[in-house]
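The next part holds the structures, each set out as structure tokens.
Shared chain: chain A. Partners: chain B in the first complex, chain C in the second.
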Partner chain A sequence: MGIEKGKISRWQAILLVSNSILASMVLITPALLTKEAGQDAWLSVLIAGILGYLIGLFVVSLGLRFPEKNLVEYSIDLLGPWFGRAVCIIFALFFLHINAYLVRAFSVLLITETMPETPLSVLNIFLVILVAYGVYLGLEVFSRVNEIIFPLFMLAGLIIFALAAPEMDFEQLKPYFTHSFSGILWGSLILASFYAEGSFLLMLIPSLRNPKDARKIVLPVSLILLVVISIDVVGLISLFGAQETSRMLFPTFELAKTVHLGAFVERIESLVVGLWVSSVSLKIMAFYYVSVLILAEVFKLKDYRPLVLPYAFVLVVLSVIGWEDTNHVRFYLSRYYPLVAVTVMTGTTLFLYIASSFRRNDKKGGETQ
Partner chain B sequence: MFLKILFVLLLGAGVAYYEVPKLLQQQLKRELIVFGCFLLIGVALALATVLNLPVPNPTDAVEYIFRPVVRMLYPG
Partner chain C sequence: MRPLKKPKKATEIRQQRINARLEQIQPDKDLLKQSISTVLEHNVELFKKMFAETSDFVVRQFHFGSNREIRVALIFIDGLVDATAISESIFTPFMLKTLEHGDQEIVPQNPYDLILNWLVTFNSVKEEFEIGKLLDLLLAGFAILFIDGAAKALAIEVKGWAKRSVEEPKAESFVRGPREGFTETLRVNTALIRRRIRTPKLRFDALQIGSVTKTEVCVAYIDGLVNPATVREVKQRLERIETDSILESGYLEDFIRDNYWTPFALLDRTERPDKVAGCLLEGRVAILVDTTPFVLIVPAIFSGFLQSPEDYYEAYDYIRPLRWVALVMTLTLPSFYVALTTFHQEMIPASLALSMAVGRAGVPFPAVVEALLMEVTFDLLREAGTRMPRSVGQAVGVVGALVLGQAAVAAGIVSPFMVIIVALTAIASFLIPNYSSSIAIRFLRYPILLLAGSFGLVGIFWGLMFLLLHLASLRSFGVPYLYPIAPSVPGEWKDVFYRAPWWAMDRRPLLFRSPNRIRQAPGQRPEPPAGRSGDQAESGKQEIKKNENKGDDSVS
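Up next, the complex of A and B:
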């Protein structure tokens, strides 16, 4: 048995995974996508949706080969104590790095849009304190909070897009297919790298109330993501045009700024910021939790909680020094991050999958059925 | 500068004060050692950042490893 004794239901897992992928995807990717694929970005979204679904199925089928064990336990079984641990540490460090860019993106949004005078490190420290508290309380707690926050986040998004709809001009989506196919593919790779973040589910499968349900998580999650990100991208392109969207830092936020109903419902972007902050902190909590849990399992600890607070120091430092400025974050996300995410995530998963296929043919393989 | 150093050290001491008695009480030696190492790394990194010393940056490492591929995909 692993460290975590808490259990989450299938519905909680669906919402947690969706939130953990969507929170940053909704805000960051439209600008990167329209830069690569222009008004054909919706095609990238469709390709990435299929890719993401396949990645999800693949990740879950690895997890379901060992439904009672988590990532660390079976990679040690498969690859031996040293190599198995090394693979897991790569996973944990990768999630640390993802967390660092998320914390950075959070403070970039707050600084550029709402609090220009506040230093970066102060915002980072406050967010990380909040997140560490959530992780300290455990998996069950933040999955339940997520059960409340995520539907609210979706509802707010829906209302904002519905209010902005009258000003949209769907002619801006034309002409179709004018961008090079490589640009469209690169756009879908950027999006797929966000989907690949969902492979943190590997650590959660043993915590599901019924681990066999994991396969039934993939389709709902992919559908939620596909619907939300398509509405997002299509709405943004038809409101601002592809050129304009690609120049913005957080286009979805700019969209919320344009919304007005009559003369009194205006400037509801603060609502968006509030909900986005809670949603992104839940995302960071999930990755923080997974990363700390992997480290605790690797070092054979009885509890992951002693590692939570020291990890916070490292996270704050990395989020401050990791990138020089906002442009660097953006450049990193559009050029390097897709390659890194796809290589590390699918690479390690594929590697473990192949190793487990070999193991299956051994005499021990019968146990894994 | 001095205040920042003090802040980092106080935070580190606070974390140790919060965690160590619990671990000692439960006699968890392994946890204590790993916790100590992690806290040392964390505080050292934070101090180095505050003092403007060079800190190993994972983003640079990632960019160094993947630069050839990105150059290939994006000439110029």
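Up next, the complex of A and C:
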């Protein structure tokens, strides 16, 4: 069946999904959240955590209706060869789009923080080469690398927050519940849109060593995300205050600037950027892989590898021309992206879910008759 | 287990041409399959023709018996045989003993049995009639005795050539541990391993590779501990080799490794029998090659290259974690220096940055060029020091120290900080016990250095990610190269990042898929004797006793 893929263990899947959601979330969302919900952003995080858990369960339950098949195969089964393929292409293009903004965000970060004179396209190509290499090597390989990188990434984050702790003032979290509930809800929607990225798991369920384990992935991933993003948001608000955090482009990165240990470890933000490169490149790899895999399945290719290079070209171009400038990226992320992500990801998943329910009833009816 | 891709098939005609060429250097194939003749002269002539005028081919024809009517001929290769053994144990009994016994016993009717049972006083004698096999034995150091009238010849094992005795291994030095090293003789090497593992399950399966060199190759493993699939795969890959010569195990390495396009060694190699024994007991396979002291071990994993057998002998050593630090330093220290001084000056503490700026004041090059210059200089010196005779090597060292340490700084070509960085990197690279891996890591410094020079820290991390992806994609005989780090098996990190005490390592590593994973009884941690610290110790002691009774015959 389908294209031959590597097998990954449950632990690898947990880390891969966590990394794929966290890598951009941890850097971008605190500013967006505090803008909507101010110092009550932690409440948005909690709500989003529950939302995300539900989305995850929902996505997995769709996948587990067809544990041996991947997204493309069962959407063709459910919706017919043309419409099923169309839905899958939407998925693939959406991941291409996410990748484009991730690549752009990476370059924006580098340009604003360390290399103001380097052209955007150079940095984009630089990152995409690495990512394309990883995708070319396959799922097994980059999930193994992720197994090394993600724990290190978490450890580094923990150390940085611990070093920043002396400067934090938790009084800044007060007063509680001053923002409108709609603001808080909008904040949680933004966050949930990042959670929804986790639906790329749909394509990986057949690659799990034991597909039934998919359900056991959701809870650990949700917990990891909830804990990390809570620490992130609370730490940032108590360090900078909600107002200032919302004005920053990448607040987590700003936090690294304030960290110092004695007089010999200071200004370690470049190190953070470096670490973030590894993390975000793994995230892009995962989405890249899923999207070329979908395209390969849709067009009935024997292998996804011939698509890796053309996809890389499209990705580089898209990441350059997709947004005019940094402000545009930021505005897009806070206003449009959540709606697009939630609609496309949860929408198509929901659509497939409903279709599969109908089909199942049909089948049952057919059998009893 | 993922088998190697079969080499691309040449077209039929091309294949035939290659075969024909290979056969040109071989004696006639049909001739080799024939049996020897009963006429002594025919056989001797045949071999004389094959060897032509070769000076080390010796034929000794003589008669014996009471009437000197039994004619025999002894042929051997001078230098491969023990000359005293031949004269004492072949010529002496033939020529003198037959005289002593008088006429009655020497019946010329059946001289063959007489010779086999009475005269040849050697422990290893083979009866052979095929010309090809006789030829192989002759070249392996046997003396061949042709007897007139007999359709069989006797191959007498009188091997005895000049060989090195068992010495301390030169390429792997250490403080504690057995000081024996492998030699160039296969039999000596197998004996060195056999002495350490006294079980009949230790197998040495012999193969012959190389159509001209006919090199003996031995696949060593412990039956019952090794995964049979691994042994099968190793043998398959070895049998697939069609070449004319194997002069060192490195030849084999190129033929059987999983992926050629990688700087990393996908097979481990060692000169130390204790290391081979340890690896065999982990369920791995060793490949011994005649004429070289270097033994290959498969499958190999990356973390294995940071281990030295000595780690297992010396307790409470923090050298393992230190080696990991050294690995990272070798790879990235010059790059970090370049990245910090070129892109991220803010990360350097102010006072240090000032003195660095002073040091770099007169240097005309950017930091990357400076670093590249020094690194290349160091590599040149290292290579010169390794290949030169020892006396010249010292001179190279002196010149290097002066050039690197003094003159370059005084001339203002490099900053003193750069010298420190390069020296530290060099020392760190010497901490990696495996020579080939150390070379690979040292080589990878250069691309990372260039990346650091163009993109700063991000470039370094980019390079490291690329490297990790590459490493994670490698396999050695089906085993992921980064095991047990990725795929991660935290239970086995006790032999990777540090060396746990022996009583804690009661399982064989999972990765070699050994069918018998239990190494020893668990819970053998030594406890203080009873009475000193109460009941707890008492129970611990009983546990030990219980385990001792169980025994730990893991092989049976």
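Simple rule for what comes next: the second predicted complex is superposed on the first by the 361 of 369 C-alpha atoms of A that agree within 3 Å, B and C clash if a C-alpha of one lies under 4 Å from a C-alpha of the other, contacts with A are read in each partner's own complex, and residues count from 1 in each chain.
Criterion: contacts are C-beta pairs under 8 Å (C-beta built on N, C-alpha and C of every residue); 3 or more make two chains touch, one makes a residue touch a chain.
On a predicted model such as this, the values are computed, not experimentally measured, just so you know.
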Requested in this report: Using the touch definition from the top, say if A:L307 reaches chain B (first), chain C (second), both or neither.
Outcome: first
Query raised in the report: Of the two partner chains, chain B (first) and chain C (second), which one does A:Q12 touch, if any: first, second, both, or neither?
Result: second
Requested in this report: Please indicate which partner A:V145 is in contact with in the superposed arrangement: first for chain B, second for chain C, both, or neither.
Outcome: second
Query - Contacts of A:L93 with chain B and chain C, given as first, second, both or neither - result: first
Query raised in the report: Of the two partner chains, chain B (first) and chain C (second), which one does A:G134 touch, if any: first, second, both, or neither?
Result: second
Query raised in the report: First (chain B), second (chain C), both or neither: which does A:I268 touch?
Result: second
**Report entry** Which of chain B and chain C A:I321 touches, first, second, both or neither
**Finding:** first
Query raised in the report: Who does A:S281 touch here: chain B (first), chain C (second), both, or neither?
Result: second
Query raised in the report: Where on chain A do the contacts with chain B and the contacts with chain C coincide?
Result: none
Query - In the complex, chain B residues that touch chain A - result: 11-12, 15, 18-19, 23, 28, 30-32, 34-35, 38-39, 41-43, 45-46, 49, 55, 57-59, 62-63, 66, 69-70, 73-74
**Report entry** Residues of chain A defined as touching chain C within the complex
**Finding:** 9, 11-12, 110, 114-115, 126-127, 130, 133-134, 137-138, 141-142, 144-145, 147-149, 263-264, 266-268, 270-271, 273-275, 277-278, 281
Query - Residues of chain A that touch chain B when the two form their complex - result: 93, 96-97, 100, 186, 299-303, 306-307, 309-314, 316-318, 320-323, 332, 335-336, 339-340
Query raised in the report: Quick one: in the complex, what on chain C touches chain A?
Result: 343-344, 346-347, 349-350, 352, 455-458, 460-462, 464-466, 468-470, 472-473, 480, 482, 485-488
